[in-house]
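Each structure below is given as structure tokens.
Presented sequentially are two complexes of chain A, the first with chain B as partner and the second with chain C.
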Partner chain A sequence: MDKGSLLHGVWVFGDYRNYFQNRVTLQLIAKGRGLAETLRTRVTVLLLGEAVHQYAMEYIAHGADVVMVAEHPDLKCYQVESYTNVVARWAEAFKPNILLGGATSFGREFFPRLAKRLRTGLSADCVNLAVDPDTGLLLQTTPAFGGNLLAEVVTSQHRPQMATIHPCVFKELPHNAGAVGRVVYPEIEVKANTRVRVLRSRRQQVQRDNLQDAEIVIVGGRGLGSKNQFKLLFELAELLEGEVGATRPVVLAGWADEERLLGQTGKTVKPKVLISIGTSGALQYTTGIKEAETIIAINRDPQAPIFKMADLGLVGESSAVLPLLLETLRNRI
Partner chain B sequence: MNIVVCIKQVPDEPIIRIDSERMTLIREGTESTINPLDRVALEAGLHLRKHNGGQVTVLSMGPPRGEESLREALAAGADRAILLTDPAFAGSDTLATSHVLARAISRLRPFPDLLLCGMKTIDSDTGHVGPQIAEELGIPQVCGVNKINLEEDSLVVERLSDGFLDTVKVTLPALISVSRECCPVRSLPLGALEIAFSQGDVTRWGCQELGVSEEEVGLKGSATRVRRLLTPAFTRKGEIVSGSPRLLVDRLIGTLEAVGLLDEEDG
Partner chain C sequence: MIAFRESPISAHHNYFVNGMLAQGFVVGDPSSNDSFFLLADVVPHGEIRPRISARLMDEEAHLLLELKANRIGRNPGKCSIEPFLDGYRVWRSSGNVLIEVRTRVFANGYLTLIEARLFDEHGHLRVEPKDESIWVCGGECRFLAAPLPEGGSTKRE
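What follows is the complex of A and B.
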């Protein structure tokens, strides 16, 4: 194997366990391509598991230059320690400049351990990546201070520069069956991990997600004041044939189930219209709605940050506006 | 069973106020509390102690005022509280923070059987420190756990991960980070809080007690730097309307009609 051509590249962890993870990997390959072109290097995807080589072609068709494969029965289950051992050895041998992974449950458990093993920095749940034209450093943009600001993080002295990336912030490249890439099988040493054993792993029922498919999404925040006020949103959703979403404080208060949670730790929605009521507009939440085509916000505080990202900001008491809106719609339909 | 629970003190308010000129946190007037998921971890630890005996030690790294959260933990029933505080710790990223916590844990005798923490914090939300402590101590980890059962010298835990419900057996010692479903959280009786704040004992360890040099911690021991803070950029129309509820409702309905999601009313 020509080791020289594999050195100092942009690496992406190949997370293939379900459709969603697969998509985030493809999104990172696309972003990685852009970074690699600026840095005049290659994009390599790391693929670990048992009989996983079929994914290698998929990654190449979506833009990977190289896929590094480790196949072993003991890598079949996603396993933080075994995966850390394999990837850390590869990183020590090939010295990647950048190592990216999706901020999935597994990515967020695996990358911190790997970063610590490699004694390097890691930024969490990034919403943008770029190469600084002056220094060539990876600029990692991540929500900070509870999501009210964005922090631009750099790892200047340590390598690789590691980051987990929020799903759906980058677009994948179209599938190109004619793309050419290399599949390599570097040496691995896998010791059976007897400390952590997955006894059972059951796929949870995948339900069609009404919230993510909806053309109208109505989101309530804690500014609504009470669970009873929040319940009015369901009535509104029924009248408009939309779905109801919630912010983190609302879920914590028990007004809505976690499955309605939008934002950084919840879902991302892209409806035609999003109506945001009694939400202040913390970035943790707005990360999940920024791709809505039109955003209408209702809040009593004219200074609320949500108005900065709304197409139409209505300054008023939701307790007065909501009942009147419901009444008006009922009379029309 | 000897259990260590790592907790972080975080601002109590869901919205953190920022001084937009200086790009800093406004700390005056903000109440602090134990990070909600760390509170769940503490309850899980106390629950295990109740059924299996042993001791629960709480650890927290932070400024001196972090002592308040440790006193809350004592009031909840923890046996011992240690605050890891030193001016040299300021500016630590997760690599440096996990180093300080791991060094403190490795000084405990006997070495704990179980380390617990929340799967992430509400303020910085990285979830890195737990796995990084486990890595430094060379022990296994399971993150996002919603159920813990003790079986002799191992734990059988359940966790939801990327659409899979995993049942995982992990040998002790181990680090477990918990999700909200792991354990209900009791509210603290006022009396217990009063006792913890007037009589509770919080040990303080700094660089010297931990045997770490200033190079290993704080900004010097960190691999990441925040280069600058940005306010999110928005490219919306940003029309702001004030007025009577009637006016607001009419504008809202007009917008829905304009984008074709509501039929325009006849006449």
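What follows is the complex of A and C.
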């Protein structure tokens, strides 16, 4: 393969941390494949670290054409400066058309810095990507103005066209053990990071995520009115054998822990039933629940946007509805 | 311009050569009758054992052993093979290890590591181990994109 066949492709940053739970890279490869087929180019995954053989094979199995690898002891731990140096140099040399990454905690730190280095734009937390059939430009759909509208952003002048995408927005391709591809090892210069030195790293104990695995999820919003009202959701969840989620205002108010946050900056859930109580339906929140099979919304405002996506809606004060609902369930179960 | 190395890889099984993943590679010419070669052939999807064939000499260019798909063929050096759970080891009659092959099992694939210090029919060093990889230090390493035909030439991938 000559350099020419590596040029102008669709690149995906390979975030393999906690690989078997964190699937965002695989989801972006799948989306990247669709974009690459439209643009008649290749999907390349960037893989930085030490002894990352397994992940190179996994990315090929999930649809990558090429995996571009940098292996070095100093790349073992995710460090934004050293990773930026490597990827920026590659991007300057191979001039990718599109560069995608997950809107994870690392992606949110890494991609803005990389975009600045490459003097290009970045659309953060996109909820969709497509190719404009007339111009071939990447249409990056992202919430704007507090989530009240969706903006379609194009990067018409600069390359690469960069975007971060929230996990679970796209579906990954199934593992294909018969897939073949290419692995490319460009030369790298890893400079010792003089400002940050990793003394020790320790894997955080990852417990099963009850919220993301739950079949029934009850979500509370600021419309509940108080922390005490929010606490009733736990009783409701116990009766229904479900889990409790929260919107951003609820977490900011201290009614719920950050780990219960759903939406663009939190978790994405796909329960069979989701009961949304006192939530208006802001886009930042609904991004995280749109895959739910059935949505039941309870809100006092009949014009609340949440009713547009709900399968069943109930207009009423949550302070009145919730106790009735609990009482009914207690009597029946 | 930025220099790069590349090879074809499989989602199923690869070898680790020259610090790179490769689904198959060959050093030397397997179609010759008496010269050195080391063939790590492509493992088709569904099989899990690596396919190593070789004609191996000692430092003084004497033929020690021929391997045909992991089985001993001609064996003037009276070498012996020791299988174990994840691979095998070939011993020289002197008691030294000639070549060791281990396959690492991942969640969805396999990686075979070869450790050997091998010489050709002129007594020149052709491959040696470094870290976990085998490195070709004399002659060309040709990567394979498909299994090599029986007794076939090593057409460049």
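In this section, the second predicted complex is superposed on the first by the 329 of 333 C-alpha atoms of A that agree within 3 Å, B and C clash if a C-alpha of one lies under 4 Å from a C-alpha of the other, contacts with A are read in each partner's own complex, and residues count from 1 in each chain.
Please note the rule applied: a residue touches a chain if its C-beta (ideal position, glycine included) is under 8 Å from a C-beta of that chain, and two chains touch if they have at least 3 such contacts.
For clarity, every value in this text was computed on a predicted model and none was experimentally measured.
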Notebook entry, point to check: Aligned on chain A, chain B and chain C: do they clash or fit?
Noted result: fit
Next item on the list: Tell me which of chain B and chain C touches more residues of chain A.
Entry: B
Notebook entry, point to check: Can A:V67 be said to touch chain B (first), chain C (second), both, or neither?
Noted result: second
Next item on the list: Based on the superposed arrangement, let me know which partner A:H166 touches: chain B (first), chain C (second), both, or neither?
Entry: neither
Checklist line | Spatial angle chain C-chain A-chain B, Cα centroids [nearest 10 degrees] | finding: 130
Margin query: For A:R260, using the defined touch cut-off, is the partner it touches chain B, chain C, both, or neither? Pick first, second, both or neither.
Written below: neither
Margin query: Tell me the contact category for A:Q157 with respect to chain B and chain C: first, second, both or neither.
Written below: first
Next item on the list: Quick one: classify A:N176 as touching chain B (first), chain C (second), both or neither.
Entry: second
Check: When the two complexes are placed on top of each other via chain A, what is the minimal CA separation of chain B and chain C in Å?
Finding: 21
Notebook entry, point to check: Can you list the residues of chain A that touch chain B in one structure and chain C in the other?
Noted result: 20
Next item on the list: Name, in rising order, each residue of chain A that touches chain C in their complex.
Entry: 1, 3, 6, 20, 51, 53-54, 56-58, 60-61, 67, 71, 89-90, 93-94, 175-187
Check: Can you name the residues of chain C that touch chain A in the complex?
Finding: 1-12, 14, 16, 19-23, 45, 106-109, 111, 132, 145
Checklist line | chain A to chain B touching residues, read off their complex | finding: 17-18, 20-21, 78, 80-81, 84, 104-106, 108-110, 112-113, 115-117, 119-125, 139, 141, 143-158, 193-204, 206, 215-216, 222, 240, 248-249, 252, 264-265, 272-273, 275, 280, 282-284, 286, 293-296, 298, 302, 307-317, 320-321, 324-325, 328-329, 332
Notebook entry, point to check: In the complex of these two chains, what residues of chain B are touching chain A?
Noted result: 11, 14-16, 18, 23, 25, 36, 93-95, 98, 120, 122-132, 134-136, 140-144, 156, 160-171, 174, 222-232, 234, 236-243, 245-246, 248-249, 251-253, 255-256, 259, 261-262, 265
